[in-house]
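Both complexes below contain subunit A, partnered by subunit B and then by subunit C.
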Partner chain A sequence: MEIFSWILTIATIVAIYSILGLALNIHFGYANLPNFGIAGFFAVGAYASAILTVPHRFRQMEIFAGFPGGIPGRIEAPFIVGLLAAIVLAALIGFLIGVPLLRLREDYLAVASIGIAETIHYVALNELWLTTGSAGIRLIPMPTGNRYLFFLVVLLILAIAYWITQRFYHAPLGRVWRGVREDELITSSLGKSVFSARMSAWVVGCAIMGAAGSLWAHYAMAIQPGEFVPTTTFLVWIFVIVGGLRNNMGILIGALLIIGLFEQGTRFLPALGPPYVMPAMRLIIIGLLLIVFIRFRPQGAIPERATTIEKHI
Partner chain B sequence: MASIFNANQIYLYFGGIKALDGLSIELEEKTITALIGPNGAGKTTFFNVAGGVYPPDSGEIYFKGERIDGLRSDQICLRGLTRTFQIARKLGEMTVWENILLAPKNQVGEGVFGAFRFGAVKKQEKENWEKAKSLLNDMGIYDQRNEYAKNLSAGKRKMLEISRAIMTEPELLLLDEPTAGATIDETKSIMSGIERLKDEKGLTFLVVEHKMDVIMNLCNPIYVMYYGQNLAKGDPQEIQTNERVLEVYLGGG
Partner chain C sequence: MEDLLSYGLLTFATLALPSLGLCLAIKVTKYFNLTYGDLVTSGTFLALLFNLSFGINIVWALILSMALTALLGVILHKVIFKPLMDIKVGPLTLLVVSLGAGFVIRNLILIAWGPQPYQFKIPLARAKHLGPFFFTTNQMFIILAVILVAVAIFLMLRYTQLGRLMRATSDNPELSEIRGISIERVYVYTWIIACALAAMGGVFMGILGTIRFEMGIGVLVTLFACLIVGGIDNPYGAVFGALIIAFAMEATAIWLSPPYKVVTAYLLMVIILLIKPSGLLGGEKIQWKYFLGFLRLRQ
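Up next, the complex of A and B:
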């Protein structure tokens, strides 16, 4: 039964990362918004959900003893409240950050978004009353109380995120987003506000990243600021590029391949040399794979596929 | 006849260069007016100002009696003024039909929540596509409807661009070299298409063009501009015999 437990772990992680990948597809694949701050919105969702749902018991833990005035453990809301709060808060923070951010050109936007995610990371690290700082939040309840059942919850939310992402691709709004991606001047001269289009894509993507954060907190049952660093962001970028930017099925396959096989799968290989060799090998292999894809198959394993008008209507 | 568009004493500077130097253009309803002038005269710059890409440094532009200078491109389009571009700009990684269905105004599915009103969206998409079908047939690009726009020839890209502009249901269309890169047959069908839209739908056109046979057969009146200023205005006969115009174009005199 050990093997089932291990597969379940990988499958849950892959599913949560897939949700992040779908959100990145809305940002970068549809609307050409290179968001390098994924970890930030992931953190907002995780912390919002954790702070709201963590039981009072957490306050008695030794690591919490230093923050008597703190918020965590006071609210004890159910998971669904945490999840919704994660979505709403990530969307709201995305909106506020978007007001200045989305006026930037793509390359500057990419740089600024890394900075914003790092800012969020440091807020989590330093606002002890809210987040308990580097000690992190523990005892976050896993709804259903059972990893197998919780995996189904994650799958359900992945399915909803997939459905929403697909719908936006085909809906008139997604067409406006892609119009902005292809040529802002044309899209604007056809009566579409470029700023509103970028904003709606941005907020929708941030909200989905928030949902993924909530699931992560309840799955891991403990979070700390160190998890929400640029490495998390880059991993999402890598599997989205390898799997197929602009194609949602490609993104699921990319997540399975990169997160599943390479991040977790190397555990089964015989250890070579000292213990630090295998993790380093993993990163080297992922890096090589990324280079190979960008050089030889920039559209990813499964590229964007156009629909015919006959199918559309 | 009533005036639908009036640009009055437009000035625009790029650093020390006077790109538009007191240019004035007035358009009568349901006419096809031409704007010609040698390269660098400022024709495309004027389109950019009228289309909201840059605001003028001074001067006013009225469209249907309301001031539009300083508005954004999308706001100007929503008021009924659509422009096209000199080099056919395309949404290359989108299909021809997606290019076309992007254009109609006030689509239900353009809102975050509106996108999920499946019935209403589908109904509107069908209606818009019905309107587009005959247009695409007239323009000769119906058979390419499922192609990516980047795969079209230069002439067909022009057709796509004009069709897309028409799908916004404008009252005034600013066409920047609508026949550039088009074959002789395509040029003819673009010209007859423009005339038909004027006659049947009552559209007004301002056309920048370098092909003199197109201008002289299609447009009246004709504005000639030179170094950002008005040089002459008149019907084709007057323009062809105007000495200053001949001097500017032929360099003689």
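Up next, the complex of A and C:
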């Protein structure tokens, strides 16, 4: 049973990362918005859900002693409220950030979005009344009580995210997104607003990232700001690029290979030296993999399917 | 107020040179290199290696580290970025690759040195009053060095052959190539200068504070804030932006809350991107229509 529980852990993590990957596919694959702030929206979702649902018991824990006026533990909302709040809040914050940033050229947007994630990280670290700072939030309830059922919940939300992403590929709005990606001038000359198209893609992606954050908080049952660092963003980018940008099945396979087999699957290997060595070695290999893939197979393992004209007539 | 002046000037001294180096690198090679933050870190740790492990004087450690960081930068360019630039990928692809390269460097540093903070072994210096300021001799030396190096770089850009080549390549790569400039060589020289400046800035940061393997990402966000506030295509703007960002950050630390220093730098960057995307020293006029654009989202 040991091995079964281990596989379940990996499968849940892979499923949550896959949701992030699908969201990045909407941002970067469909609408050409390079979002390097994934960790930020992931954190918004996780914290929104955690703060709303954490039970009152958390306030009696020693780590909470310093902040009697704090919010966590006052609301005790059910999981579904936390999930919806995570989605809405991530979308709202994405919208507010998008108003200034989506006017920028892609490379400026990439740099600016790193700053977004850093800002959110600093807020989570320093606004003690809201997030209890570096101590993090613990005792977050797992809604179904056991991990097997919760895995089904994660799978259900992954399926919904997959369906949404896949549906947007052919939907009129998704076609506008891809049109903006290929050529802004032509799309705007056809009467489509480039800014609105970008904004809608951005908000939809951010909302999905928020949902993934909520699932993460309820699965891990404890979160702290140190989890939402650029490394998280980088892992999502790498499996999206390796698996196949713009192809949703490729992204799932990429997540399985990179996160499942490599990032999580090598944890049973004997540790070399201090505890930080193995994760660092993994990241080095993953980084080299990214460079090699972009050099020799930029379209990813499974590329975007070429669309024929007949399909649209 | 004296606090703000002293701390602001010191922060400016740590930011000015890397900001100038990153500006030159972006101006000449035409893509955003996110490895730069980790090149600053590696310059610092190389100096730490010479200073702590071999017991070399900090000045020599700095010079050795500048040379080695320059070498590292050139190797990165030749091995990773040059082959990609040859097959004409876009600036965004180069940006993603540079992020990957940065992760490799950061984690190599983590494996070699571990996650704990370090400090240079330097002789303690007594603080002296200098007009309204209150500096140690080390700090005065750093501020002086930064001003001298920055002036030297500006003179180099304006009056030497290499400076002319760099400006020509930046203005029009195709035309420069037709006129017989070896662009590749200009890239290499640019990286040497940029990485030497990165190492210098990193060592100054290390002397004035602590050294951690993760410092690169915070430095990178701050440096981009400096560049965008000052004007991304303008070396004078890079230094001017560093001045503004440094004082804004220290003002936040003194009057609001120290952890939000980087956030202030970042907010300033967003405001400048909104009203004057070419930066304060950039060419175009302030665009208030973007501010009004907050109200009507459909363009």
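Throughout what follows, the second predicted complex is superposed on the first by the 294 of 313 C-alpha atoms of A that agree within 3 Å, B and C clash if a C-alpha of one lies under 4 Å from a C-alpha of the other, contacts with A are read in each partner's own complex, and residues count from 1 in each chain.
Note that in this section contacts are C-beta pairs under 8 Å (C-beta built on N, C-alpha and C of every residue); 3 or more make two chains touch, one makes a residue touch a chain.
Bear in mind that the values here come from a model prediction, so they are computed numbers and not experimental data.
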item	value
Which superposed partner A:Glu118 touches (first subunit B, second subunit C, both, neither)	second
First (subunit B), second (subunit C), both or neither touched by A:Ser193	both
Partner chain(s) touched by A:Leu283 [first = subunit B, second = subunit C, both, neither]	second
Which of subunit B and subunit C A:Trp6 touches, first, second, both or neither	neither
Which of subunit B and subunit C A:Asn126 touches, first, second, both or neither	second
Superposed model, subunit A: greater residue contact from subunit B or subunit C	C
Touched partner set for A:Arg103, first subunit B, second subunit C, both or neither	second
Partner chain in contact with A:Gly179 - subunit B first, subunit C second, else both or neither	first
Contacts of A:Trp163 with subunit B and subunit C, given as first, second, both or neither	neither
Residues of subunit A contacting subunit B in one complex and subunit C in the other	193-194
Touch list for subunit C against partner subunit A, complex	31-32, 34, 80, 83-84, 89, 91-93, 95-97, 99-101, 103-104, 107-108, 110-111, 114-115, 217-218, 220-221, 224-225, 228, 257, 259-260, 262-263, 266, 269-270, 273-274, 277, 290, 293-294, 297-299
Residues of subunit A defined as touching subunit B within the complex	167-168, 171-176, 178-179, 181-183, 185-194, 200, 203-204, 304, 306-310, 312-313
List of subunit B residues in touch with subunit A within their complex	51-53, 72-74, 77-78, 82-83, 85, 89-95, 97-98, 101-103, 105, 107-112, 114-116, 121-122, 125-126, 129, 145-146, 148, 164-165, 168
Contacting residues of subunit A [partner subunit C, same complex]	34, 36, 99-101, 103-104, 106-108, 110-112, 114-115, 118-119, 122-123, 125-126, 193-196, 199, 230-231, 234, 237-238, 241, 274, 276-277, 280-281, 283-284, 286-288, 290-291, 294-295, 298
